Each structure stands twice: as structure tokens, then as C-alpha cells.
């Protein structure tokens, strides 16, 4: 019989699977950081502007990682 | 027997799987941020225009991540 | 015995799997945004035209993500 | 025993799996959009011609995504 | 016991799996569209010739996607 | 017990799996089309020769997709 | 109990799996066709020689796809 | 019967799966470090600025790895 | 109970799996053909020498595909 | 019945899965080391500064590998 | 009960899996052949030396494919 | 029933899975070695400095491989 | 019940899985051979030195393939 | 019931899985050998120094392959 414990188990397993998405922002943000460092190395005077746009882009790329975090927390604390 | 708990379990597992899509926007947006930083480094005068188009592109790329979030929330709160 | 709950469970699991497609547009649109930012950085005067074609392309690339969203919603609300 | 519900369940699961194909056009169309933006940035005078061929190519690339949508709809509404 | 419903279920699942092939033409045709846009941007005078060969190539690349569609339709309507 | 229905089911599932091969020609032919468009853009005078060799290459690349189609049809109509 | 039908089923499933190899030649031959078109575009006078070596290479690359076809046919007609 | 031990087991398995996301930041941050070293090698005078933006980018890319760590710790200590 | 039919089934399934290796030579030989066509396009006078080394390389790359064919044939005719 | 041994088994299996994340930092840090060596080869005078930023970046990229180690140790010693 | 037939079945399945390794040499040797053709096209006078080193390298790359063949033959004839 | 032998079995299986992480450092360190050789070839006078930074980077990249080794040894000797 | 035949079966299956590692050296050595041919084509006078270092590198890259061969042989002859 | 034979079987299966890591060093060392050959071709006078750093790097990259070998041997001889 499938029972409440099965539901809880699936919720916790699903929380773990949801976090896998975090490897996407990790790779993408690292690439952004790499180009940021390269750009500063070429044009140190523009370091302020480069940092500002890089941080903005990375912050926006962070969102899907946060979505996964939210879903995982909901799965763990509300459904398991 | 498959029962209501089985349905709930599948809904929660499906929510976790749906979030995997978030790695796509994460990678793509990071690439966008990297090119944004590079472009600002090359042409700091155009920083405003570059930021505006970069944010526009990233915002549009965010959509499929949000779709996954919506589906996951529906699966969790309406079906499990 | 396979019963109505099995059907519902498969529908909800299928909805989660369908959303995985969203990582494709996410990556592709991010690449489009990256080239848009690069192009504006090289030729700021053409920013309007670049934005217009970039948004057009991204909007068309969005379609398969929307198809997945539609199928997932149908699976969840009509079949589960 | 495999019964009608098993058939319905497989149809709905199959619909979800079929939608995965949507990540292909998503990536491909995004690449097309990226090159469109780049080309307009280099040669803004040709923006009209570039947009026309880009949209044509993207529309043709959309087809396999639509095939998946059709098959998924058939699976859901005629077979489940 | 494996019965007629098992056969139908496998046919519908197989139809879904067959559609995955659609991601190949999707990516390939998108790449073709991207190069078409790039080529028109470089040489707008040749737009007609470029469009003609691009559409020809994309149409031929479409074939395997159509094969999958045909097989999926046969699986769904003749075997399930 | 494994019976005739099991055989039919495996044949139909196998037909679906066989079609996955279609993503290979799809990607490859798209790449060929992309280079064809690029080559015509660079040298429009040679458009006839380029088209002729491109179509020849794409036609030969089509073969493995056709093999899969043949095997799938045999599996469906002769064995299921 | 494993019986003759199990053997037939595995043979048909194996035939489907064997066809997956066809995506390799499909990608490879497409790349060959792309370079053939590019080479003709650069040096139209050598179109005959280019076509001859390209077709030779593609024909040799076809072999593993044919091996899979042969094995699949043997599995289907002699063993299932 | 699914019982409390099943829930605990799924929580611990999910914790392990969640940590897989850590390979994303690992790759991305390594790429960032590689470009940082390259940039310093080209422009040693800007080493301070390059280091500062590189560390900023890497720190932001670290976040999804930390999210996974948090979820894994919660799964282990609160749910298993 | 595992019996002779199980052995035969595994042999036939194994034959199908073994053929997957054929995608390797398919991709590799296609790349070789692509470079052969490119080389002839650049230096048509050396077409004979290029063809001779290309065919030699492709023939050697064929070997692992033939090994798989041999093993599949042995599995099918001697063990199933 | 799922019992304490099942929990222990899942914890140990999860510990093994968690360690897979270690391939990410391994690849990334190797890339960083490769660029470090290249940069020193181009500009040996800056070897000190290059080493310092490379080690800093690699140390930060190490973190997600350490998170996995910590989770694995917790899973093994506290939960199994 | 696991019996001698189970051992034979696993041996034959293992033989099929072992052959998958053959795709590695297939890809690698094809790349070697591609560079061999390119090198001859650039420097036809050195064709003899290029062929000799290319064949040497391909022969050494063949070894792991042969190891797999040997293991598969041992599995089939000594253990199944 | 899950018993102590199940725990031991999972520990040993987990040890094997944990070692997969070793392919990451293997690829990364090889890339580092390739760039080290290239750098020495370009600037033999700096061979000492290049070797010193290359070995430092490779040693740091080794760490996640060692973590996996440690976890595998713990799993084998303390838990199985 | 798990018995001695189960152990033998797992040993033989494990031997097949271990051989998959052989695709790594196959790809890597092929890349080495490709660069060897290219280098000889550019600098035929150094053919002896190039061959000597290429063979040395390929021989060292062979080792992990040999490790897999050894483990597979041990699994087959000592444990099955 | 899980018994000692289950433990042995898992140990042997785990040994096979652990060896998969060997494809990492195989690819990486091959890349190192390719760059070594290229570097010698460009600068034959530095062949000694290039060989010395290449072998050093390859030897360090070998380590994770050896770790896997050690773990596999331990799993086979101490635990199975």
C-alpha cells in the first residue's frame, strides 16, 4: 500500500533531485566571472562598470537556483 | 493498489524533476552575463545600452525557469 | 491492478518530465542574449535594431517551452 | 493484469517524454537568434533581409517541436 | 499476464520515445538558420540564393523528424 | 509467462527506440545546410555546384535515418 | 519462466537498440557534407575531385550503419 | 509497507543526490580561476583589480553549491 | 528459474548493445571525410595522396566497428 | 519492511553518490592549472602574481568538493 | 534461484557492454585520419612520414578496442 | 528483510560509485599537462617556473580524487 | 537467495562494465595521433623526435586501459 | 535474505564500476601527448624539456586511475 510515508519519501527524494539544477547557474556564473576577470585585465579603468554589469548578470542567473532551493524547502517542510 | 498517496508521491517527485530545467537558464544567463562584462570592458561608453539589452535578454530567458517553478508549485499545492 | 490513481500518477510524473524541455530554450535564449550584448557593445548605434531582432528570435525560441507548459497544464488539470 | 488504465497511464507518460524533444528547437532557435543579432550589429542596413531569413529558418526549425506537441495532444486526448 | 493492453501501452510509450529524435533536426536546423542570417548579413545581395539553399537543406534535414512523426502516428492509431 | 503479446510489446517499444537514431542525421544535415548557406553567401556564383554537392552529401547522410525507419516499420507490421 | 517468447522479445528489443548506432554516421556524414559544400564554395574548379573524395569517405563511414542494419534484420527475421 | 525508515532512507539518498550539483560550481569556478591567471599574466599591474572581481564572481557562483549543502544538511539532520 | 531461454535472450540483447559502438567510427570517419574534402579543395593536385591516406585511416578506424559486428554475430549464432 | 539497515544502506549509497560531485572541481582546477602554466610561459616575470591568483581561485573552487566530503562523512559516521 | 544459466546470461550481456568501449577508438582514430589527410594536403612531400606516424598512432589507439574484443571473446567462449 | 549484509553491500557499491569522480581530475590534470608541455615548447627558458606552477595546480586538482579515495576506503574498511 | 552463481554473474557483468573505460584512452590516443601527424606535416625533419614523444605519451595513456583489462581478467578468472 | 554472497556480488560489481574512472586519465593524458607532439614539432631543440614536463604531468594525472585500481583490487580480494 502507498501511504503517507511513501508521500514523504517521494517529497524528500524530489527535493534532492530538484537541487541538481544548481549545477547550471554554477557553470554559467563561473563563465561570467571568468569573462569579468578577463575584461578587467584588458581594461582596468572600466573595472567599476564591468563589476556592476557582471554582478547584475550573475544575480539574475542565480534565480533558477533559488527557485530550486524554494521548491526543495517546500517539499521538505510542507510535504514530508 | 495505486491510491491517492501514490498520486501525491508522483506529484512531488514530478515537481522535483521539473526543476531540473532550471539548469538551462542558469547556463544561458551566465553566458549572457559573461558577454555583457566583455562588451562593457571593450566599450565602457555603451555600458548603459549593453546593460539594458542584456537584462532584457536574460529576463526573457528566465521564462522557462519560471514555467518550471509554476508547474512545480501547482504539482505540490494542488495535486499532492 | 492499474486504476485511475495510476493514470493520475503517470499524468503528474509526465508533467514533470515534460518541463525538462525548458532547459533548451533557456540555454538558447541565453546565447542569444549574449550575442545581443556583444553586438550592442560593438555597434551601439544599432542598439534599437539589434534589440528588435533579438527579442523576435527569443520570442520564437520560447515557443517549445510554452508547448511544454501547455502539455504539463493539460496533464495536471485534465488528466490527473 | 494490464488494463485500460495501464494504457492511459503509458499514453500520458509518453506525452511527457515526447515533449523533451522541445529542447532541440529551443537551443537551435536561440543560436539562430544570436547570429541574427550579431549580423544586424555588423550590418544594420540589411536588418530587414536578415530578419526575414532568420524568421524563415526559425519557423522551419519549429516544426519538430510542433510534431511533438501534436503527438502529445493525440496521446492525451485520444488515447488516455 | 501480458495482454492486448500491454501491447497498446508499449505502443504509446514507444510513440513518445520516438519523438525524442525531433531534438536533432531542431538543433541542426537552428544552426542552419543561424548561418543563413550571418551569410545574409555579410552579403545581402545574395539573399535570394542563400535563402533558397538554406530552405533546401533545412527541408532535407526535416525528413528524420517526419519519419518519427509517421512512426508515432502508426504506433498510436494502428497498434494502440 | 512471456507470451505473444510480450513479443508484440517489445517490437513496438523497439520501434520507438530505433527512431532515436534520427537525431543524428538531423543534426548532421543541419550542419551541412549551415555550411551550404555560408558558402553560397561567400561565393554566390558557385551556388549551383554548392547545392549539388550539399544535396548529395545530405542524401547520403539520410541513409541511416531510413534504415531506422525500415527497421521500425518491419518491427511494427511484421512482428507486432 | 523464461520461454521462447522472451527470446523473441529480447531479439526485437535488441534490434531497436542496435539501430541507435545510426546517429553516429548521421552526424559524421553531415559534417563531411558541410565541409564538402564549404570546399566547393572556396574552390569551385575542384568540385569534381572534392565530390569524389567526399562520397568515398561518406560511403566508408556508412559501413557501421549498415552493420547495425544487418544485425537488426538478423535479430528480427532469424531470431524472433 | 512504507514506514518511517523508508522516509529516512529517501532523505539520506536525496542528500547524496543533491550534492551532485556541486560539480557545476566546481567547473565554473575553475574556469574563472583559469581566466584570472591568464589576465594577471597579461597585465600584472591590474592584479589587484582582477583578483577582486574574480573572487567576487567565484563567491557568487558558490551560492548554488551552498544551497545544496544546506538542503543536504536539512535532509540529514531534520528528516532522517 | 533462469534457463536456456534466459541465456539466449541475454545474448540477443547483448548483440544489440554491442552494435551501439558503431556510432564511434561513424562520427570519426565522417570527420575524416570532412577534412579529406577540405584538403582536396585546398590542394587539388594532392588529391591522390590525400585520398590514399584518408582511406587508410578510415579503414583502420573501421576495425572497432567490425569487432562489434563479429561479437554480435557470435552472440546471435553461437549463443542464442 | 524498511528497517534501520535500509536507512544505513541508503546513507552509504548516498555517500558514494555525493562524491561524484568531485569530478567538477577536478576538471575546473585542471583547467585553471593549464592556464596558469600557459600564463607563466608567456610572462615568467609575473610568476609570483599568477601563482597567487591561481591558487586563490583553485582554493575557492575546492569548496564544493569539500562540501561533498563533509556530507559523505556525516552520512557514513552519523547515519549509517 | 541464481543458477549456471544466470551466470551465462550475465557473461553474454557483459560481452555486449564491453564492446561499447569500441566507440572511443572509433572517434579517436577518425580524428587522427582527418588530421592525416589535412597534413598531406598541406605538405604532400611528407606524405610518407605522415602516413607512418599516423598509422603508428592509430595502431596504438587500437589497443583498448582489442582489449574489449578479447574480454568479450573470453566472456562468450569460456564463461557462457 | 534488510540486514547487515545489505548495509555492507551498499557500502561496497557506494565505494565503487565514489571512485567515478576520479575521471574529473584525470581529464583536468591532463589538460594542465598539455598546456605545460606547450608552454615549455614556446619558452624553454621558463621551464622551471612553468613546471613549478603546473605541479602546484595539478596537486591541488588532485584533492577531490583523494577525497573519493578516502571515502571509498572508509566505506570498505569501516562499514562493510 | 543470493548464491555463488550470483557472485559469478556479478563478476562477469562487472568485467564488462570495467572495459567501458577503454573508450577514454581510445579517444585520447587518437587525438595524440592526430596532432602527431599534423606536427610531422609541418616539420618533417623532426619526425623522429615527434614520434618518440608521441609514442611515449600514448604508452602512458594506455595504462588505465590496461588496468581495466587486468581487473576484468581477475574478475573473470579468479572470481567467476 | 541478503547474505554474504550478496556482499561479494556488490563488491565485484563495484569494482567494475570503479574502473570507469579510468576513461578520465585516458582522455586527459592523450590530450597531453597531443600537445607534447605539437610542441616538439614546433621547437625540436626543446624536446628534452618538453618530454620531461609532459611525463611529469601525465604521471600526476595517472594517480586517480591508480586509486581506482587500488579500490577495485581491495574490493575483489578483501571483500569478495
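Note that the chains are named A, B, C, D, E, F, G, H, I, J, K, L, M and N in the order they appear, and that numbering of residues resets to 1 at the start of each chain.
Definition applied: a contact is a pair of C-beta atoms (placed from the backbone, for glycine too) under 8 Å apart; a residue touches a chain by one contact, two chains touch by 3 or more.
Computed from a prediction, not measured in an experiment: that's the story for all the values here.
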Chains in contact with subunit G and with subunit K: which ones? I
How many degrees of rotation carry the C-alpha atoms of subunit G onto those of subunit I, rounded to the nearest 5? 25
In whole angstrom, how far does the Cα centroid of subunit L sit from the Cα centroid of subunit M? 18
Would you kindly tell me how far, in whole Å, the mean C-alpha position of subunit I lies from that of subunit E? 26
Distance-wise, how many Å sit between the C-alpha centres of subunit M and subunit N, to the nearest whole number? 9
Can you check how far apart subunit B and subunit K are, centre to centre, with Cα atoms defining each centre and the answer in Å? 42
Of all the residues in subunit J, which ones touch at least 2 other chains? 1-3, 6, 9-10, 13-17, 20-32, 34-36, 38, 40, 42, 50, 54, 58, 64-65, 68, 72
Considering only the defined contacts, which subunit M positions touch subunit N in the complex? 1-4, 6-7, 9-11, 13-18, 20-32, 34-36, 38-40, 42-43, 45-46, 49-50, 52-54, 56-58, 60-61, 63-65, 67-68, 70-72, 74-75, 78-79
